[in-house]
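Below is one structure. I have some questions about it.
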Amino acid sequence: MLLSEIASALDLTLEAQDREIERLTTPDLATEDTISFISSDRYLQFLPTTKAAAVVLSAKHKRLAPASAATLVSENPHLSFAQATAFFASPLVKREGKKATIGKGSEISDKAHIGLDTVIGSNCLIMAGVYIGDDVTIGDDSTIYPNVTIYNRAKIGSRVRIHAGTVIGSDGFGYAQTKSLTHIKIRHLGRAVIEDEVEIGANSTIDRAVLGETIIRRGTKIDNLVHIAHNCEIGEYSLITAHVVFAGSVKTGRNLVVGGHSGFNGHIEIAPYVTVAAKSGVTKSIKKSGIYAGFPAIEHGEWLKQQAALSKILKNAVRGSKK
Amino acid sequence: MLLSEIASALDLTLEAQDREIERLTTPDLATEDTISFISSDRYLQFLPTTKAAAVVLSAKHKRLAPASAATLVSENPHLSFAQATAFFASPLVKREGKKATIGKGSEISDKAHIGLDTVIGSNCLIMAGVYIGDDVTIGDDSTIYPNVTIYNRAKIGSRVRIHAGTVIGSDGFGYAQTKSLTHIKIRHLGRAVIEDEVEIGANSTIDRAVLGETIIRRGTKIDNLVHIAHNCEIGEYSLITAHVVFAGSVKTGRNLVVGGHSGFNGHIEIAPYVTVAAKSGVTKSIKKSGIYAGFPAIEHGEWLKQQAALSKILKNAVRGSKK
Amino acid sequence: MLLSEIASALDLTLEAQDREIERLTTPDLATEDTISFISSDRYLQFLPTTKAAAVVLSAKHKRLAPASAATLVSENPHLSFAQATAFFASPLVKREGKKATIGKGSEISDKAHIGLDTVIGSNCLIMAGVYIGDDVTIGDDSTIYPNVTIYNRAKIGSRVRIHAGTVIGSDGFGYAQTKSLTHIKIRHLGRAVIEDEVEIGANSTIDRAVLGETIIRRGTKIDNLVHIAHNCEIGEYSLITAHVVFAGSVKTGRNLVVGGHSGFNGHIEIAPYVTVAAKSGVTKSIKKSGIYAGFPAIEHGEWLKQQAALSKILKNAVRGSKK
């Protein structure tokens, strides 16, 4: 669509020459047919060298944009971004496309729904009540248990197992706030990727990315009722137990082990070979492999000592107050 | 049915004249065809002025009832209430009724189930594996993703999105205990109401009310794997992130924001414009807008100071014990 | 199959005479056609008296085995166990068997899937989108709400209610680690048993046992989004509220009551008539009935005193630092 149409819909002023826009991406991945948004300071570093055809940004950042980009000044680039995503979202159900391609030896329940332009490898089992959207790919020897939902464009590897009721590729929890404190939905244009040999338990949820991909790396095992938010990347051979929550854009190294009811703050990085004890809250990036516990999570050895000290202090305080 | 029949089934003595009973409600909403229960002290204030035809109550409360009401004395009015709900529950699947009315432009998957006397507005998308019960209403332009279940009599607004696997209007967790410590189910006669522009993530659960309504107010956004119990009312434009739990009968103001893994005690009220940090436990009503954290939740500024103090005390204690 | 075939697949040396193996069980339940594994010290007590035809164990335990058992020495018996389970797993979908037997008055949605050799009692309601696997039994007067999944061989009692989206009998979260820190799946050969008058809320998950049974005892009520891991046994007439997590092999007495967001460590036992407050973490067995709270959970009375003392200490510390 034309940049002038987007500008008009977003109520922004286009001072540069009009041009055709095909895609919406982050500024680092932008090409000459792309609109990008400096919707957070995280993206500022990519602004001077972005190849985007157009960039929506705050007035104060305008001078950092390259000459090649048309700049559109917004009072609230995050809100403009949310509004713009609506123009790039594909329909939830395709009207036209190719009937799914099913590999040799795969068995698809007639109570399953398989979308258009979807490709399923060989020797897969797709059980009753499964919903697989459009443009999904699934490798070989994978099992999708009953009542699983896989949203459009997800990519599922080989020898994957996804247990009953789990949802892959649902929209992340992303909204921009208006001045009147209502919320504008950020349409999630990205997808979810589940690599080979991943197993996911029952009733877990793995959201698609806003842009780009949410990735569960090879060989990782996820328990029941786990939530992994948009744009996370969970490292290879990790073990994530029940009721764990990852907020958005967490990136972890390989062989992460997480105990039940633990949570991870958004936008942090976790080193490889980290273990997090149950009921912990990881608030900051972890740079060193090892065992962590508590809220905020600290090194497990230190946490044990602190808990022992706390227990002693409290027992003494209670005993003292009885006198 | 006749009051004498109910009394007999509940093993209670009817001393007043018999009368026809049509409904079971709380005493404040009762009319002349209604039976009500003083099953908790919360309802005592409504007893003197109730218009109920009959009231089941403890012997000690009998003198507070109006002359218009037949009083039935129970040793355990909460247990009598649970037993009585069975007489007013409608069947899970209607035998007779009108085929659902579907508005113009709405698309219903042939793998979805739509109940009788249900009305779906225009331009809705009801995807495969969805179950919509009897007597449900859905507004215009709403999307119900795959494998969602909507129980009987739920009311869903316009421009609502309900993501895959979510359950709306399931029975709340309510039982009365017998003397032998077994549990009698309270049949949930109420319903769930989802107002306009609400979005609910994947695999969340919103229970119907015991009597009356569980309400999610306009424009509120709910993440994945959230639990909202019977009779809650969540204020407009709230943001509820993953794995949050609301116990029963919580009432919140508008623009509540809640971080992951937080919980709310039952029967409390939350002022408008309150933010609750992740992993908090809100145990009491919050009367002032602001940010809260911790378990029990306190003002966030104070909590931060306390956490810093605690960290210092524990570090010193651990260091001290090493000497 | 022949023991020599198993030994070869597991890369273990068979020094004894070959024999036919029919089953894989724990050593205490083994019979003359069984292979057993001393995959944890928990099983060591059963080794001297096991009737197993073959036992896989560490070299150091070999001398404890009875003469009747062929011993196969493994560097990592837990890993050998995981590998062996693959030989004893039955197919996810039966090719042959008897069409399900449905009792008088039961109503099965034509959008439900019912497996082979399954038996459903009388007056049951099986709603749309339900998946019931092969060899399942369900008693009388039970209701299975929409989009529930019941895996193969589960046993469901009479007067049971299972609400929408719940998953019964999914594989537990069990893997053995290789030297290169990848994970070998333990095939779950056991099943899930839900006794009479149990009610389970929406989107909960109850995993099958590795071997043997996960059991929810008679009259227990479980709320939404609860996770009960493999091999747990939850006592009669318990009340488990939303978002509670039981790790594997927890055994509880009757009338357990658990508040929201609480968790139980694996392999512990809980006495009858125990109440656990919300947001607690039970790390050790509880031997005495009573009320418990905190993480790690302690007696509730003591916890209340400690929390009061902690609050006082922190308030004073914050006030002191302001001077």
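Side notes on the structure shown:
Each chain carries a letter (A, B and C) given by its place in the written order, and its residues are counted from 1.
The rule is simple: contacts are C-beta pairs under 8 Å (C-beta built on N, C-alpha and C of every residue); 3 or more make two chains touch, one makes a residue touch a chain.
The model shown is predicted, which means the values in this text are computed figures rather than measured ones.
In summary, the pair chain A and chain B forms a contact in which the copies contribute largely different residue numbers, shared numbers making up under half of all those used.
Summary of the copy comparison: rotating chain B onto chain C for the best CA superposition needs 120 degrees, to the nearest 5. Measuring from the averaged C-alpha position of chain A to that of chain B gives a distance of 31 Å. Counting partners per residue, chain C has 111, 129, 147, 165, 203, 225, 243, 261, 313 as the residues that reach two or more other chains. Residues of chain C touching chain A in their complex: 92-93, 111, 113, 129, 131, 147, 149, 151, 165-167, 170-171, 173, 175, 181-183, 185, 203-205, 207, 225, 227, 229, 243, 245, 247, 261, 263, 265, 281, 295, 302, 305-306, 309-310, 312-313.
Of all residues in chain B, only 107, 109, 111, 125, 127-129, 143, 145-147, 161, 163-165, 199, 201-203, 219, 221, 223-225, 237, 239, 241-243, 254-255, 260-261, 278-279, 313-315, 317-318, 321 touch chain A in the complex they form.
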